[in-house]
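The structure under discussion is supplied below as structure tokens; questions concerning it will follow.
Each chain carries a letter (A, B, C, D and E) given by its place in the written order, and its residues are counted from 1.
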Amino acid sequence: MQSIIVKDVSFSIKDKEIIKDISFELEEGEILAILGPNGVGKTTLLKIIAGLIKPTKGEVLIYKNPPEKSRKYLSYLPANANIDQYANVEDILLAMLYGKDRKFIVGNDDIKKIKNWYFKLLEKNYLKTSFNNLSSGEQRLVLLSGCFAREPKIILLDEPTAFLDITNQAKILRFIKEMALKMNITVIFTMHEIYYANIANKVLLMKNGKIKSYGKPSDVLKKDIIDDVYKIDVLEIPYDNKKIFFPSVF
Amino acid sequence: MKSINKILTVFLILLLPISFLLSLSIGPYSKVSIYQVIFFILGKNLPSTYIDILKYRLIRSLAALILGIGLSSSGLTLQYTLKNPLADPYLLGISSGAIFGVTIAMFFGYYSFYQLYIIALLSALLSLGFILLISTIFKSSSTTIIIAGISLSYLLNGITTIYMIRLGPKIPSILFWLFGSVAFTTLNTLEKSSILVIISLFFMFYYWKAINTLMLGEDVAKSLGVKVSYIRIVSVLFSSISTAALVAMAGPVGFIGLAAPWMARLIIGSNFGKALLMSLLTGSLLAIFSDILARLVIYPSEAPLTAITSIFGAPVLIYLTLKYKGRL
Amino acid sequence: SLYNEMQKEINNLNSTILNLNNKTQITYNEKLSELANKIGSLENSINNFNSSVNTQILSLQQQINSLETQSQFPVTLIDATNTSVTITSYPERIVSLDPATTEILLSINATNQLVGVDNDSFYYLPPQYENELWKLYNEGKIINIGSTYSEPNIELILSAKPDLVIGTYQWSFSAVAQELKNYGIPTVLLPSYNSLSDLYNAIIMAGRSTGNIKNAVNLVESMSANISYFRYLINNISPQNVSYLLWINPTYVAGGNTFQNDMFILSGNNNVFSNISGWPIISPEELLQANPSIIIIDSNGGLINETTLISWLQSSIGNAYQNISAIKYNRVYTINGYYSDYLDEPGPMVIYGIKLLMMITHPSLFNLTTVPNNISPNTFPLNK
Amino acid sequence: MKSINKILTVFLILLLPISFLLSLSIGPYSKVSIYQVIFFILGKNLPSTYIDILKYRLIRSLAALILGIGLSSSGLTLQYTLKNPLADPYLLGISSGAIFGVTIAMFFGYYSFYQLYIIALLSALLSLGFILLISTIFKSSSTTIIIAGISLSYLLNGITTIYMIRLGPKIPSILFWLFGSVAFTTLNTLEKSSILVIISLFFMFYYWKAINTLMLGEDVAKSLGVKVSYIRIVSVLFSSISTAALVAMAGPVGFIGLAAPWMARLIIGSNFGKALLMSLLTGSLLAIFSDILARLVIYPSEAPLTAITSIFGAPVLIYLTLKYKGRL
Amino acid sequence: MQSIIVKDVSFSIKDKEIIKDISFELEEGEILAILGPNGVGKTTLLKIIAGLIKPTKGEVLIYKNPPEKSRKYLSYLPANANIDQYANVEDILLAMLYGKDRKFIVGNDDIKKIKNWYFKLLEKNYLKTSFNNLSSGEQRLVLLSGCFAREPKIILLDEPTAFLDITNQAKILRFIKEMALKMNITVIFTMHEIYYANIANKVLLMKNGKIKSYGKPSDVLKKDIIDDVYKIDVLEIPYDNKKIFFPSVF
């Protein structure tokens, strides 16, 4: 069953075309990695799918509905969240349950749920701490645990691995994979670590606001394509029947 | 919530009925005191003057209660939705609208209290209409709404001042509208205003979870299914209706709508629902105690309520601010 | 034209008063005949019991008087806020809400009915009234219900158990009226005085509602007699351009549509700021442009005087101030002592105020050769 | 800066001398009009009265100029350092302090204008002292400073109100201190206040680059070598000194200190230095034109300046806000 | 010549020890990479070196002065900058020159300098655009260009590669290397990409707020050490006489 359909989506601000003619379809439980250089339009595309901005052309359907109607089934992690800095972690997580929690009251089950997810991702208990007293990585983990706690059918993650250490990166990626497989959740994430895109079922590589290549990771993640998109002579290191791509820094 | 805060909360909850009892017992007419209140509660017969005084104090106390509840909840709601700790219920020109209407009405010879009550209410809602127009038509950000509101408020105050001067310095006639007081609230206006305040409060609680998500930033809130512009408009709408009802009833009593929400947030933290509940407590206590003091400080005259809320509330607020510095 | 209007107004009033008098006369006669019967039978018993006749008659006379006044009640009247107020019986416990009302009540002899007055009445009335109030207060006959400048204290009003509350219409007072209505206390709001006719109306209304209509009518009659006399005096004189300063820097003046404006007209003068209503603030330039030939300053209890005026003017418009006629010809007068109350408090005392103004502005009418710049009860006696 | 803004800037710069000329030409003393002003500039001989009037109008216009400059620069500086678009020069209780002092002084029988000027100045600086104490001793954040300031301001207003009531019918003399006007400024008070305003302005410009870095957030600003707490205190200090001087000179003229900075920021953008320069222009134009209107709208009476700045400024501000919506 | 000396630095908040007994010394022109899991205290250490927070114990010397006196020679990039969102890019870059620019006026040379660095890092001209209209990566690049434009002697970068695409990551790393070599600038950066730490002269690996290992990249970046610090069985892929470390995500 198709969970997300993106049809001919374009978006422009004041004559500036930011993304153009993007179409793809995802089945339930599929993972899509959106890759592309800085400023190519990944975040914009994600926001359009989340229904935060309206495309100037085309449409997005989530389980056959426009995104505005599907938000109960949706979690979205922005790259830079604009959180009230004095709020404490528990309040933030409870607020992130909106629409999936008890109405009007804070239920014990809601608190249980957020605690459960919180402790899956973090070790130390910062639930009563101000959000701005956490380290960058901890902040990301808190927000990710909030996204998961919603038990959504669609998860949209803008650079979920940013600021995370390698252990946490692996943990998050494994969670994503697991949830997609076991609970049939559809996941879209953006990322700059090309190798990680291998956990996805499909990869969408963008160039200049358009789709450069779309397909299975093994089809898209090729040196020539990457060289073209990133305008770089990338290092390709085969490992475990996948490829690690690295820029040359030495 | 730390245990110290739990104790504080319980203390404040207990303080409310005590403040109410005090409000019934204390007044310039010293023959009606706590004993008479107790006699009355016990069903003893009292002279009719005593009963009149008790009735008067009861209406007045209820007015203070509803004033405290209404202003602090409105202030808190605006502080959350406009994301500005300086937001108070009068920020967007609601009270200026009411006073404007009343001044013009007086200029054209309307003087009955009840007429003026209705005029104040309607003209406050008219300013609200302007703000809603700006918010919806221009799809405004919080800052735009704030600037538009504050400009409107200054504009109306300006015109009011000019008319006030032309009314001549019959200063007493305007003082009520500059200071505010619950001393003239009648059962009639109390009823009407209470209904509006309670309806507004109902909606604030109804939408509390949506308003609460605004702490996550607009994008995240939207992604959770919150219609951010709608919630902003609803918040402005209901906090302003509540404010309009209260300004019409008791004039522009100041400081409660600013200080009580801050007190609540400092004590209880950032969760909107909890802060809203707490603000009902801080607001009503501030209002009731201030009203009691207003009867006493410049006996035999009544002191303007705003002056007392300020003198009594400001030190409390400064203390809380410095104590819970980390929360700001 | 204002003058003519006033005249008409006064005539109207006089006829109302006459009507009222007639009505009173009729009821009076009815009651009297009733009473005459009683007196007749009483006379018999006097003959029968030939003792303490004089005292009996005296007390009966008192009864007659009170019956006479009570026969006027219930009174229903439309007050200044267009509200119909019914006073069911002769009010014996009256609360006054402001100094102007208090002054009227005292001058129509409702003194013994008063049980409460506002705080300011104790401080802002001419001395004889103030003394009277303080005496009543010290005897415990009246209470202080608090200052009108903030809010009348409803609870204290209630505690005085009044059967009538009287004030001058101001909005917070209409709030008071609304409030007291809920406790069954009739509240009458007198017109506030922008003109003398308002004042007459107020006095009559106060008389009717307190059962002192006769005194009220007498007072109005004596006032209008005075006014007629003033009018006769100023018949042939040319009006002076006057300005009355209530405060200097910022400078407040009496404009048009104020009772002071009326006082100027009735004292044969012309208020240079009559074209703006109320008590406006003016700049020094304004004063220069208006160029009054007489300036009268309210000293506010000795706080300001001519020197204040001149130093203010000089600091802003330099020597140009010397072109203001009043200053050039040394016609700047400062009002001191209780004379200020005559000019500031709109009440029956305005008659003295008008006379005072006349004496200052047209001394020749009173055969005065000089007028001191400092006008006070000591330096410038009113009688003569 | 887009070219449309360049044109606007040039236009505003040209408007300033024009407004000044108008301010000299318009007034109740109608014999002195634009012709006399021109004659005077051309060096013709005029009657000494005319010259006196011109001098009076000159002082008044200069007072409006310095008022506009001082209030808008102070407002802007506070808006930047307290990071709140609602900050205005009176936010921290400076004017409340001045009025408080004046009321108390009047209560004890001081009425000389010059005495009151000095008292207003000193008591305004006293409130400033309190705020600085809070800011330095408690190492406060912007929000703490704001709450402390606003509480102080309410507290002082409350006490003032109580005393005002006790002053009773002498209220008119205080009304000036509630409304504000430049009509009563003398060369003496103008000189003293101007010096303080100009010194403050000098420091604002002296520190403009440091204040400007606050837009980068506290951490980055600090890392650049800006002593953030020091700059915050300096900003509060000088904007308040300037405000205190102006309140003492002309009373609490409102809206300029809030609206003129916004107008400047909307027109010119977020660079503090540019906005500060632009705010001098918007502030002085708003003040001078409002003062001209104040002489005319309820002629022959003087209208309170705040009423006019609001009536005249509010529509301009609302227009700019909606036009440059993206900048808020 | 020693440019940075960190002596026995500890930092705690309300009895909570965040970092403990950290000491190291850097020569002029050296590059130090600080590595460690999320919440280990990297940002805290960097802030102490930048003089933004005072250590509760120990001291930091920058060219023999306390950090407060050395800020003219210092650039600091926070992980999450708290920039006024309506400010435009040019205003932000000019403000970042503070202390190194002309006093009181905006000099043409200052504008030239920031433009120069801006265009070294970004292609498109967003100088007149609001900062919050840029993509996450673009925002980082703008702030980095501001840091470089200061022409400092010390650069402290908190996760400089976060949100950057691989091309830009490489570009930044090469800039760092180049500036250290050619202009004798001392650089400290934190990072989660272990492989990139090889561009540094020294690596400081933290565990629980303390130094776990400090030395040359080749000495510190070893599987057993990394496994211990990150509590993970890391994949070690030798490449070009260095080692790439990856968490296992499959």
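Assume a residue touches a chain if its C-beta (ideal position, glycine included) is under 8 Å from a C-beta of that chain, and two chains touch if they have at least 3 such contacts.
On a predicted model such as this, the values are computed, not experimentally measured, just so you know.
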Labels of chains that are neighbours to chain B and to chain C: D
Steps in the shortest chain-to-chain touch route ending at chain E and beginning at chain B: 2
Label of the chain whose CA centroid is most distant from the centroid of chain E: C
Whole-Å gap separating chain C and chain E, where each centre is the average of the chain's CA atoms: 84
Cα-centroid distance, chain A relative to chain B, in whole angstrom: 44
CA centroid of chain B to CA centroid of chain D, Å: 30
For chain A, residues that touch 2 or more chains besides their own: none
Residues of chain D whose C-beta touches two or more other chains: 165, 171-172, 175, 298, 301, 304, 328
Overlap residues in chain C, where contacts from two or more other chains coincide: 147, 149-150, 252, 255, 279-281
Chain pairs that touch, as defined at the top of this document: A-B, A-E, B-C, B-D, C-D, D-E
Chain C - residues contacting chain D, complex: 120, 123-124, 147, 149-150, 246-247, 249-250, 252, 255, 273, 275-276, 279-286, 288-290, 300, 303-304, 312, 315-320, 323, 344
Contact footprint of chain E on chain D as seen in their complex: 205-206, 208-210, 212-213, 215-226, 269-271, 273, 326-328
Footprint of chain D on chain B - complex, ascending: 84-87, 91, 134, 138, 140-141, 143-144, 146-148, 150-152, 154-155, 157-159, 161-162, 165-166, 169, 171, 179, 254-255, 258-259, 262, 297-298, 301, 303-304, 306-311, 313-315, 317-318, 321-322, 325, 328
Chain E-touching residues of chain A, taken from the complex the two chains share: 36-39, 42-43, 79-80, 124, 134-139, 141, 158-159, 162-170, 173-174, 177, 192, 194-196, 198-199, 230-232, 234-235, 237, 239-240, 244-250
Of chain B, residues touching chain C in the complex: 27-29, 31, 49, 52-53, 55-57, 102, 106, 111-114, 116, 165-177, 179, 181, 183-184, 186-187, 295, 298-304
